[in-house]
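Read through the structures below before going on.
Across the two complexes that follow, chain A remains constant while its partner is chain B and subsequently chain C.
Right, the complex of A and B next:
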C-alpha cells in the first residue's frame, strides 16, 4: 500500500500558547482580522483576552461573536459577506469545532462566490482565502489541524463537509489553560469525540502507519486522562494530555478519515439536535465491532490501547465483541447517556438509517453496509 | 403506442405488435435486463436457436431530450457467456423512434444458411429481404450500398465479415448522423456473432413519410423540464474537454497518472503519451482537414465525435475514440495517430471491437509473436482477421483465447472480456467496476477515474464504483452518459421527466430504483448462467505485479467486492 502522510498545520503547544496570537498574526502580515467565537467564550472572558491581545499587536479586529453549534450554511454565508465587506486579511477562530468550522467556511467564501453548498466535498480548484489562526478551547474536535469543516445544509436538512486547502489553518495555538473551565459534561462529550476520531480512523479504508501511531497514542491518553479531567476539570496535566490527544486524533484523521460512526453521528445530530461529540459516541461501539470483519488487526490494537490483551487465535467476531464491550464501558464511565436515556423514540432513531447511507463519510467505511444493517446497529445501541 | 417488431429467422417472418406492458416504461439497458431474464434462457447456447437479439431505444426516444437516441442492443454474449447490453450512438435509434418502434426482437436461427436484411420502409412496412449478394461485404461498402438504395437519411445497423464468421470480438456498426459512416459501434461482447448466427446481416431503417408522435402524460410539463435539462447539459458541455476536443482528451490525464495502459497492461509509464494526446490529435485534425465537435445523433449538444483524415486530406475514420487510441497506441507501444486511425478504420469496416482486438494484438506482442510497436505487423494481423486465416480466426475469439493459445502470462480480462483503456491498479474504483460489472471488464459500467480521493488509493473506491454502476444502469436506459455527466447536479429532474412522459410519481427514487433493479437482474441472469463470485475478480497479476509507474497493486480485499451490491 502506498499512502500519503499529511501533516497539515503547524502547531504551537503549551500552557499560555494562545497569548502569542497577536504576535503571530502580525508575523503573518495581517492588518485586519476577523475574530470568530461564540457567546459562551465572551461570557467566560476568553474572547476578550484574545481580541485585546490581537489589538495590542497593532491589528484591527472585526468580531463575529455569535457562532452557532453545527454552523448553518446561511450563517457562514452571512459572516463571509461581512468579511468581504470589511476587507479582512486574516481570520482568528477561538472556540470549539463550531467556531473553527465557521471560520473555514468563511475562508472558503472569501474569494469564491456563495452559496457554500456548491463547494461540498474535497476540492482543490478553489481560490485560496486568507491566513487563519485556530485556537481550540475544547479537547475533542481536532478541527484546528484538519482540512475539513462540517457545515449544516439548511435547504437539505443534513450536514456536509467542505474539504481542501481552503480549510487549512496557517497556525494552531494549543493552549490547555483555555480548557480548564470546560464543564464536566462538555469535557466528557468532547473527549469522546476525540476518542471516536481515533478509533474510527484506525478502522476506515485509509489507515496508514502515521495515523495509526497518532491514533494509538491518542486512545491511550484519552483512556487514562479523560476520566481524571472529567472528575477534576482543574487538573492541568489532565487538560494538557487531553488537548494533546485531541490534536493527535485530529492529525490522525486528517490522514485516515473517519467513517460510519460519524455518518451516524451527523444523522443523529441533524435529527435530534444533540452535540456532535455525544452524537458520535452513541453507536461507536457497534461501528467498531462491525469494522472488525475486515479490520480485525487494528481493532485488536484498539483493545490493546485499552490495556486489554487479545488472544492470538481470537476470531474477528471475538475481537469485535471485545472492542464493543471496552468502548461501551468507557463511554458509560464518563456518564454519556444512551439513546433511551436521552429520551429518543426508537422508531425515529431507526428511521435515520437511510440518511446515514447518504452521508459523505459513508464512502470511507471499510466495507459496504446496508441501511438495514445500520438500523440493526442503531437498535442494538439504543439501550446499551 | 410504441410498437415492437418480432423477426423470426426460422420462419423468416416479421410481425408488428404493441410493446408488451412489462417493457413499456423501460428503455435501453433496463429494458434489455427485464426482457432477457424472462425470455432468454440463461443457460442457452449464445449462437443457438434459443438466444435472441434485442435492439431497442431509450426511455425518452422520440422526445427533444438531448442524446435521447442511444441505441441499445442486448443478447446473451458469446464472449462473456453472460448478459450483455451494448449501446451506441448514430442515427438508428432516432429513425426507429420516427417509425414508432421501441424494440426489435430477433428470434431463432434459419433452417438453412443464408443472409437477410430487415428493411423498414418509409411506409412503415417491415420485411426480410434476401441479402446473399452482400455476403462478406464489409460495413463501409455495405452502408454505401444501402444509402444508394434507400437514400442518405436511412439508418443502417450492420455486421461485417467478422460477425458473419461468428467472431466473439465482432461488433455491430451503426451509421453516424449526417455523414452516414458506419463508425458508431455496439462493440462489446460479440453480439454481432449472434446476429451472424441468425443470418441477419443488417437492419435498415428508412425515414418514415409520417413521423411517430409520442404520447405524453403531461406534455407541457415535459417540455418545460426537458428544456431545463437540455440547458444545464449544454452549459456543462461548454467547458467539457469531450465536447471541445473529444474523448482523446482523456489521454492527457490517464497518461500522466499511470492509468493509461502500456505494453499489455504492464503498468509502466508511457513517456510519449502526449504524442497520442489532445494537442497532437488537434494538430492532426488541422493538418489533414479533419473535424471534431461532430454530433453522432441528431440534437446532441455534447458533440464528442470527429472525422479524421490522413495528411493528404483523405478520410480515414470517424468516431475515433480514446479507448481505441489507448489500446492500439501505448498498450501496443505505438504512438502514431495516423496508424492507429487506420487500425480503427479496418476494425469498423470488418466489424470488430477495437478494444478486444487491440488487447489481443498487445497479448501477441507480449508473447513475442510480433514486436512491440511494430505497425506493419499489427496491420498484418488485422488483415489476417479480415481474411479469416487460421490465426485470424483465433484473433476473432478474443484476447483471452489468444493469450491462452500463446501462453501469455498477462491476460487482462474479466468474465472473458478484455479491459478498456484504464489500468485497474491506478484507478482502483474502475478496477472494482471491471471485476464486478455483470458486463465484464467494461469502463462504461462505472469509470471512477478522478472521482475517488486518490485514483491509486483504496479509500472510497468501492463506494464510487457502486454508486456509478447504479447510475450507469439508469443513464444507459435513457441517454448518452457524456450528456448524463452534466445532468448530475439536477438529477431529480429525471424523475420529473419520467412522470411527465409516463405518468406516476416524479420522485427520483423511481429512477434510482430502476438502476438498482437492472443491476441486480443482470447479476441474477449471470448467476443462472453459471457465474460465481470467482468471476467477480481481476486476473491475479493485478494483485501481485506492481505497476512500475506508481508502485501500486490492486489491493482491494474480497469482502469489499462481495458486499458491493448489498442494497
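Right, the complex of A and C next:
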C-alpha cells in the first residue's frame, strides 16, 4: 500500500501563543485582515483581545462577529462579499470549528465567484485566497489543522464540505489559555469529538502509520486529561494536553479521515439538532466494536491506549466488545448523556439509518455494511 | 513554553513509491531535472531505474552520479554550476544522506552565488531554488524530511550546515523496496543513527509534544524491527517499519534537534574517519544517561519504549543507568563495534572532548556541561 503524508499546518503551541497573532499577521505581510468570530467570544472578552493585538501591530481589522453554528452557505457568501469589498489581505479566525470553517469558506470565495456549493468536494484547481491564521478556543474540532470546512447547504438542506489547499491555514496558534473558561459540558462534548476523530481514523479504510502515531498519542492524552479538564477547567496542564491532543487528532484524521461514527453523528445532529461532539459520541462505542471485524489490531491498540491489556489470543469479537465497554464507560464518565437521557424516540433514531449510508464518511468505513446493520447499531446504542 | 511545529515535508510512503518519481516530477511542472546519486546506487541498478522512470515521463535528465560521503563544499559548488548551466528546473536525489544533502546544497546555490560557506546556518532570506524530490535508500539519516544539509567545509576542515526553506524537499518518496539490498552492517549503523535522532531529540533542550510523539513511535518500531531487518534484509515488513521509523525520527528532530550524542559523533567521525551512524552510537548510552539528570521523565519514557517498566520511585540516577544498559545492549545486539573493538586509542578518544564543546549541537544539550565531563563520558563508553 502506498500512502500519503501530506496535510500539514505549521503551528505555534503553548500558553500565550494567541498573543503572537498581530506579530505573525505582520510577518505574513498583512495590512488589513478580516477577523471572524462568534458572539460568545465577544461576550467573554477574547475577541477584543485578539482584535486589539492585531491592531497594535499596525494592521487594520474588518470584523465579522456573528458566526453561526454549522455555518450556512448564504452567510459564508455574505461575509466573502464583505471581505472582497474591503480588499482584505488576510483572515484571522478565532473560535470553535464554526468560526474556522466560516473563514475557510470565505477564503474559498476570495478569488472564486459564488455560490460556494459549486466548490463542494476536494478541489485543487481553485484560485488561492489569502493567508489565514486560526486560533481555536475549544479542544475538539481539529479544524485548525485540517484542509476541510463543513458548510450547511441551505438549498439542499444538508451539510457538505469544501476541501483542498484553499482551506489550509497558514498558521495555527494553539493557546490553552483560551480554553480555560470553556464550560464543563462543552469541554466534555468537544473532548469526545477529538476522541472520536482519533479512534475513527485508526479504524477506517485509510489508516497510515503517521495518522496512527498521532491518534494513539491523542487517545492516551484524552483518556488521562479530559476527566481532569472536565472536573477542573482551570487546570492549565490539562487544558494544554487537551488542545494539543485535539490538534494531533485533527492532524491524524486529515491524513486518514473519519468514518461511520461521524456519518451517524451528522445524521443524528441533523435530525435532533444536538451539538456535533455529542452527536458523534452517541454510537461511537458500537461503531468501533463493529470495526474490530477487520481492524482488530488497531482496535486492540485503542484498548491499550486506554491502559487495558488485550490477551494475545483474544478474538475480534472480544476485542470489539472490550473497546465498546471502555469507550462507553469513558463517555459516561464525563457525563455525556445517552439517547434515552436525551429523550430521543427509538423509532425516529432507527429511521436515520438510510440517511447514514448517504453520508460522505460512510465510504471510508473499514468494510461495507447495510442500512439494516446501521439500524441494529443504533438500537444497541439506544439500549446500552 | 511556546513551541513551533513547522518543519513538514509531504511524503508518499510504501512499496513502489519511488516508481512514482516521473509522474510526480511532471506534476511539479519539471521539464529537465538534475538527478543526484552516488556510484553505489549505479552499481546496484537503482539509479538507472529512477532515471529511466523520469525519462519515461517525458522529462530530460542531467545526471551527477559521483556523490561523496560528507559532501565537500567544492563538489557541491561544481554540481551547482552544472545545474545552472543546464538550466534544470527540478532536482531528484536518490541515496543516503550524502546524496540528499548534496542536492540541498546545490539547491541553495541555484539562485544564490557561490561559495556555499557564506550560507551556513539557518537562513530565510535566500532566493528559493527549484522543486526537489528526495528518495532515501537507507533507513537512518532522515534527511528526506529535514530542512538541513551537512556540508564539509574544505577551507576550514570541519562540517557545517545549511538550513532553511531552501533545504526542504517538495516531496519525499519513501520506498522500502530500495532498502531490501542494504548490507547488514549498513542496516545496523543507519538504524542506530535513526535511534540516536529519536532518543536525542527526546532529551534535548527543544523537546515538544509533536517531536515526542513521533520519536516514541520511532523508538518502539526500531527496537522491534531493526534486529529483524538486520538478520533478514529481505523482510519487507521490517524494511517498511524501519524506513518509516527513520522518517518519523527525522520529522521529530527537525522540530526538536539532536544534541550531545551527535556532537560527540561528529568529533569522533572527523578524528577516526568512521561512518556517521556508527560514530553517533559509540557514546549514545552515556549521553542519554547524563540527560536523565534534568530529562528523567523522557528518559523513563525511552526505557518504556524499550518495553521496560520504570518503577515510580526510581531516582534519576537509576533511570539513567537503566537507559544506558538498554541502549548499550541494543546497540550490541546488532553487532555495532565499541571503541576498543574498533582499535581506538583511549588517549586520542579523550582528546576530542574540547572539540565536542565547539559543535553546534552542544548548545541543545539539556544542561550545560564541561569538556571534563565529556571526557569522563568518553572514558565510560570506552570501558563499557
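By our rule, the second predicted complex is superposed on the first by the 382 of 384 C-alpha atoms of A that agree within 3 Å, B and C clash if a C-alpha of one lies under 4 Å from a C-alpha of the other, contacts with A are read in each partner's own complex, and residues count from 1 in each chain.
Criterion: contacts are C-beta pairs under 8 Å (C-beta built on N, C-alpha and C of every residue); 3 or more make two chains touch, one makes a residue touch a chain.
Small disclaimer: the values here were computed from a predicted structure and weren't measured.
After overlaying the two complexes on the shared chain, residue contacts for A:12 are found with chain C alone; chain B is out of touch.
With both structures placed on the common chain, the touch criterion links A:2 to chain B and to chain C.
Within the superposed three-chain model, A:230 lies out of touch with both chain B and chain C [touch as defined at top]. By the touch criterion defined above, A:253 reaches neither chain B nor chain C. Legend: residue contacts after superposition of the two complexes on their common chain; A:370 is shown touching chain B, with no touch to chain C. After overlaying the two complexes on the shared chain, residue contacts for A:382 are found with neither chain B nor chain C.
Of the two partner chains placed by superposition, only chain B is touched by A:204; chain C is not.
More residues of chain A lie in contact with C than with the other chain of the pair chain B and chain C. Chain A residues 1-4 lie at the interface with chain B in one structure and with chain C in the other.
Residues 1-6, 8, 10-17, 20, 208-210, 213-214, 216-217, 244, 248 of chain C touch chain A in their complex.
If you check the complex, the residues on chain A that touch chain B are 1-4, 122, 204-206, 257, 293-294, 362-370. Here chain B touches chain A in the complex through residues 453-454, 456-464, 466, 550-552, 555, 557, 559-560, 563-564, 566-567, going by the rule given at the top.
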